[in-house]
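Below are structures written as structure tokens.
Consider the two complexes below, in which subunit A is the common component and subunit B and subunit C are the respective partners.
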Partner chain A sequence: MSGEKLLHRAAEPFRKLDRFLKTCTSSAKCSMFLMGLGQIRNKQVGKGILLILAEIAFFVYYALIGVTDFIGLFTLGTKAGDPILGITGDNSITMLIRGVISVVVTMFLVFVYYQNVRDAENVALRRGEGKPVNGFKQSLGTLLDEKFYMVTLALPVVGVIMFNVLPIVFTILTAFTNYSSEIAPPKLVDWIGFGNFITLFTVTSYISTIGKIFYWNIIWAVLATFLSYFGGLCLALLINKNCVKGRAFWRAFPILAYAVPGFITMIGFRYMFSGMGPINWLFVKIWGEAARVDFLGINSVWAARIVCLLVNTWVTIPASMLLSTSVLSNMNKDMYEAADLDGASSMQQFIYLTLPFVFFATTPILITQFIGNFNNFGISFFLRGGLMNMSEYFNANSTDLLINWLYNLALGGSNNYYGLASAVSILIFILTGTFSLLAYVTSPSYKKEDTYK
Partner chain B sequence: MKRLIAVILATVMSATLFVACGETESGGSYTYEQIMAKFEGEPEQNVTIKVLENDIAVDEGYFDDLIEAFNAEYAEYGIKAEDANMSQYTDLEKNGPLGYGPDVLYDANDKIMRYAENGHVLPLPTEKLDVYKEGNLEQAVSDTYKMNKYGMDLQFGVPINVQTLVMYYLEDTFAGEADADGNGTPDVLETYNALYAYSKEVRKESTNDNPVFGYVQSLNNEYFNFGYLLSYGAYIFGETTSDIGLAAGESYKGLQVMQDLASIMDSDASDDSYTVQAYNGLASGKYRATITTPDVYVKFYNSLVDKYVKTDKMTQEAAEAKAAENLKVSDVPRLPKSGDLTETITDVSSQTFATTMMGGINGYAISSYTKYPKACLLFVDFASRYEQVVARASKLGVVPARKDAAEAEGTNAYSEMVYKRVEEGRVVMMPSVRDLSYVWSSVGSMFALVADDVTVKGGGAPKEYATVDSLKALLTKAVDDIKKVMQIS
Partner chain C sequence: MRKPDSSIRAKRIIDSAWSYLLLVVIAFIFLFPCVWLITSSFSSTGSIYDYVGFFPKTFSFSTWIDLFTKKTPSCNYPVWLGNTFYVAILSCIFSTILVILTAYTMSRFRFKSRKMMMKMTLLFGIFPTFMNMTALFVIMTQLHLFNNLNGLIILYSCSAPIGYLTQKGFFDTIPNSIYDAARIDGANNFQVFVKMTLPLSKAMIVYTALTSFTFPWSDFILPQMLLGGNKDNYTVAIGLNEMTDDMFSLFAAGSVFIAVPIVILYFSLAKFLVNGVAAGAVKE
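== the complex of A and B ==
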């Protein structure tokens, strides 16, 4: 696309606005000047008064705190506090949050303003055409009838904005500040642009740490998902076999393991694989002191990683087995009978019938499992929490995933790097978000939606 | 349309002007009186202050005695102290500004001074505190709470007890051992070389099923082991914190000592296992000697009493008497000038030297976020008085920071010994700067690496760090690591 065309396309909304301003009704123009004025002109006095009150409320908000909050979003404070002298000072983090709220309120004002003009224009046109126009009571009535969804959804939307969107925006913005345990209120926090990202990718100890952790994170996510998924499937197939007697009994064992809270299991395994645990005791007993393995020690790399994988497999297989069992129970037995008649072996039946069916039915769950494993905080935390091999990593050890590193940076140890941790969380979001999207749109569940209908 | 835009702009601008009127920023310098103004006047009345104490002091009942005595003393004002009921590791830096922290806290000097750097604890009017009266504190002790802020030297904490490393052992375990100098400490515990040889022997005599160790200590612990480097010429910070002296002097010999020590232990040396198990291990006889801080004396004592009651079927009274008599605390052994623990020592004075260990001062500080600074000041003054410090030392086994209390009869027997080490400069106090935290994490990793190299990789002898050059390189790398972290932070 040529530059001229791009410019033309970019200017289109302004041309539309210009056309609208030239052709719109007087009511719309009144509402542009003062929210609700057009409605009053359209004989919708109640609605008009409400809109005027809303506009007054907005301006009172801006006059009292809104403008200060908005400016604070950019300055993050100008006066540092000093608790010793009782000087309160500016709280940069509160200012950041309030600044974001002021932006949300402004966006809401723009939305209400737009709706107000649109409503004034539409009602004026209807009146011009001689069509009936709703009065205040009727308008309220529609909110309880055809527009009831708006009433019911309003509160959840506000909740989502307050408790989901705002924290996410706050985290994203924190990634662009120097917020840390050393630079935190009462000290003033500053905007540092892409400083944290530059640090992550240029400072040697960070880049080597992020490289090592990311490398292990990918291997971990793939292997952990594979072992858990196929382990569960194999177990389900095994227990489902006709030759197995007392299936309920055998199925109860993995469910028992599932019923025990995961972290309790992990603490148990931590002891079992420790220097004084029963596994090392057994090794020493059989092969002597030289056979002792430092499974989960600070400098252990692959031994610790293998233990983490095995423990994760143990913890996650039961859920995977239950899932596979339920999917397998929906399989069409006729297909197997037909395959038998065609002379297909058991392995061929598994590869060409069972696997595609199970895979189709569970792809979204598989993606969820992969993302869950990519961000599996618990395993490394409970098996090796607190260990930081500073000679090889920065605030991490060989089994830590990006999510653990994020935790270590933000909350682990005595020095907390909130800005850097937020930058890492954005990286994790980009990685997992991209993967989920790609995996889903290329999966059979998405491409061959009609296959098993 | 232009009119509309003009109206909106005028409204926004007037609103901006309206809200921009605020208080002006105060500046300039402050006098001592201004800084201490919070402590002037009559104490707040009918208030409750929350005190965050050390866990052992709470568990052993000392803290209850302290607050009971304080509450009785200040009953006329209605001032009441109570347990803050928080983890002793509660971070004032995080919780204080949110209003969750305690009013008074007890912690190590490095932690308190870290808070002081960012203004989370108040500077104290030393002229109102008995502990700061002339002659009560050694200069090195009071300096740990000193910081230059607002252009003057201010004290941010009240020293209560001295922390450093001491040796713990049971007298009856070493009953047959020689004591040539007659100082009450067996010769095998006087030098690390003798202790090394003794430990080798003890381990050889025990079985793999029931191993007995002559000496154990967690070799990953930066605080416990930094002394080995210090003893051979290392230092933490020079004039500035960018001068890190881990590799200074012959500090590699300190690592060689650690390697030799690792060879008489097992893989538990590279984590906290020995520290955690030391109390029961010493009581059961599995460990013959260990070094740790004086403030855990009571844990050794309790384990020993427990063992005498449950295993030896003694009465509680007899068990307590025997434990008090049998549990001994002595100075840390001397180190060989060569850094080689396998060397046979024929002349102790010429071949060895007295070990220097890390140390710190635990004490009280007042949160800057307290609403009752004057009541808090009364509490810290009360808790640091001679009688209270002696009571704490005799009940918990800690070493008083007050010179007069350390010399008191009611205090434990080893307080004078520890205090003498402080006076002789054989206890290097943790620097009271934030940058120390960056040193700790890197040094801890390096120590664990050295221990692991012997116990796990080398099967009893160093593998990757077998040469002097490799040890020197390791120390240099640790310094670089610390500098990188400090640069980032």
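== the complex of A and C ==
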């Protein structure tokens, strides 16, 4: 595309705006001047007054704290506090949060303003055509009907923005600051650009730790997903076999395991595999003292990893089995009879009939499981008991995943590297976000969601 | 050419013998850790190092009595249990309402920002809430919700709508024709929701309530982050995790006690579970 064309396209919204300003009704112009004025001109007094009140509320907010908060987002404070001299300086972290909130409020203002002008324009056009216009009561009535979705979504959306989106935004911003337990209020925190990322990828102890953790993280996610997925599938097939009687009875054992809260299971297994624990007692009893294995100790690498995989498989197989069972119950039995007549062995039936079907039906779940395993915080945290500082690692051990490392950096040790930890969060965001969004958008359950309508 | 009958029968017997043997082994693997914990809770000495192998030398009820009567600095089980109940029940109520509303809206209505919202929730949904631990810590402190059980409830309830996909899948299977009939009779969308959708989706509501009760009931990470310090604010999960090796039987008893309600819930809903887990999520 030539530069001129690009410029032309970039200017398109402005031309649209220009055209709109030239042709729009005077009600829309009134609403542009003051929210709600156009609505009053359109004889929608109730709505107009509400909008004017909203505008006043916005202005009071900006006059009192909004503008200061917004500027604070950039400076992060100019006056350092000193507890000894009794100076209460600027609290950079509070300023960061309040600055973000001021941006959110501004975005909300823009949205309301846009809707207000659009509404004034539309209603004025309708009036011009002589069509009836909703009164205040009727407007409220549409909230229970055509616009019912606005009512039902209001609370969830506000909640999610407040406690999910805002924290994510804050995390992303923190990644570009030098916030840590060394540099925290009353000291002033500052923007340092990509400093944390540069530290992560150039300082030897960090980069070698990332390398080792990432290597294990990938192996772990693949193996853990594979074991629980196929383990569950095989168990479901075994219980579904024609010769097996009392399916509900056999199914009860995995369901029991499924019902026990995960942290109990994992702490339980930590005791079971501990140095003086029962498993080691058994080993020593059978093979003598030389067989004692320090499964979860600080220097254990592959022994600990294998225990983690086994325990995770124990924890996740039941859910996977239940899933496979319900998928298999949807499967057409005729296919197997046909295959039997053709002389296909049971192994062939598994590979050519069962597997493709189950695989096709559970792709979205497989993605979720993979991501869940990639970010499986609990396993290493509970089984290793928050063990850190293994040799050759910085603030981590051999079974820690990126998410454990993030926790250790931020809250685990005596030093809290909030900025660095947030940079690691961003790495995890990018890795898992790209993967799952791509996988999900290309999956059938997203494309064909209306199949059953 | 067909093989003789006797050989087929022999093959079948061997096959089913193998299957049953495997099933018994698997059942043992799943059952044993649970049995182990239960017997441990009846140990007369607390420490795991007094055991002979897997099981305690002597048995008694003393651990269970201590669990509910003794109040020590490191164990205050009745208070923890009360806290856990409070958080789990309120979170369950609010989460269920929010999730059902979100899922119904996303399934039933077609509006402008819908696809965008679906992609965004999917993106947020894959990140565990606690990944933004620094941010949550700061925000909760700002809102005076740090070290406060209500903060936990708000956090659970507000993050719940992100996991609406299973419920949406369920609402997707209710044919539009049912709604259209009601609309022709003059019901507005609010009435349709209250009078048609809610009664139709009882099973899904039960499933949602169950999962949103069990999550806070057995969650560890968020309470650990947000209830630091004050032991009177602890939930059972944090309390149990902080127990040491010599309190093993106390840990076992405390674990068994909070696991039992969940196990009962799961078994009474076992049939529903077999179908329900995949009902919404798995589609072709």
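Please note the rule applied: the second predicted complex is superposed on the first by the 410 of 453 C-alpha atoms of A that agree within 3 Å, B and C clash if a C-alpha of one lies under 4 Å from a C-alpha of the other, contacts with A are read in each partner's own complex, and residues count from 1 in each chain.
In this text, a residue touches a chain if its C-beta (ideal position, glycine included) is under 8 Å from a C-beta of that chain, and two chains touch if they have at least 3 such contacts.
Note that the structure is predicted; figures quoted are calculated from it, not measured.
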| item | value |
| --- | --- |
| Joint occupancy of subunit A by subunit B and subunit C, clash or fit | fit |
| First (subunit B), second (subunit C), both or neither touched by A:L64 | first |
| Partner chain in contact with A:Q349 - subunit B first, subunit C second, else both or neither | neither |
| Partner chain in contact with A:K187 - subunit B first, subunit C second, else both or neither | first |
| Subunit B versus subunit C as contact partner of A:N134, first or second or both or neither | neither |
| Touching partner for A:G275 - first (subunit B), second (subunit C), both, neither | first |
| First, second, both or neither for A:T106, with subunit B first and subunit C second | neither |
| Subunit A-centred angle between subunit C and subunit B, computed on Cα centres after superposition, in steps of 10 ° | 80 |
| Greater residue coverage of subunit A in the superposed arrangement, subunit B or subunit C | C |
| Contacts of A:N122 with subunit B and subunit C, given as first, second, both or neither | neither |
| Lowest inter-chain C-alpha distance for subunit C and subunit B in the superposed arrangement, angstrom | 5 |
| Residues of subunit A contacting subunit B in one complex and subunit C in the other | 274, 276, 285 |
| Contact footprint of subunit A on subunit B as seen in their complex | 1, 3-4, 7, 11-12, 15-16, 18-20, 25-26, 30, 34-35, 38, 91, 93-94, 96-97, 114, 118-120, 122-123, 149, 208-209, 220, 266-268, 270-271, 273, 277, 368-369, 434, 437-438, 441-442, 444-446, 448-449, 452, 455-456, 459-460, 477-478, 481, 484-485, 487-489 |
| Of all residues in subunit A, those that touch subunit C in their complex | 93-94, 97, 141, 144-146, 148-149, 151-153, 155-156, 159-160, 162-168, 170-171, 174, 179, 235, 238-239, 241, 243-244, 248, 250-265, 267-269, 271-272, 274, 276-278, 281-282, 285, 314, 318-319, 322-323, 325-327, 329, 360-362, 364-365, 368, 371, 375, 377-378, 382, 403, 406-407, 410-411, 418, 421-422, 425, 428-429, 432-433, 436-437, 440-441, 444-445, 448-453 |
| Subunit C residues touching subunit A - in the complex, by the definition given at the top | 12, 15-16, 19-20, 22-23, 26-27, 29-31, 33-34, 36-37, 48-49, 51-54, 98, 101-102, 104-105, 108-109, 111, 119, 121-124, 126-136, 138-139, 142, 154-155, 157-159, 161-162, 172-173, 175-176, 188-190, 193, 214, 217-218, 220-221, 225, 237, 240-241, 245, 248, 251-252, 255, 258-259, 262-263, 265-267, 270, 273-275, 277-279, 281-284 |
| Contact footprint of subunit B on subunit A as seen in their complex | 21, 32-33, 59, 62-68, 71, 78-79, 82-87, 91, 180-182, 184-187, 199, 203-206, 274-276, 280, 284-285, 288-290, 292-294, 297-299, 388-392, 394-395, 413-417 |
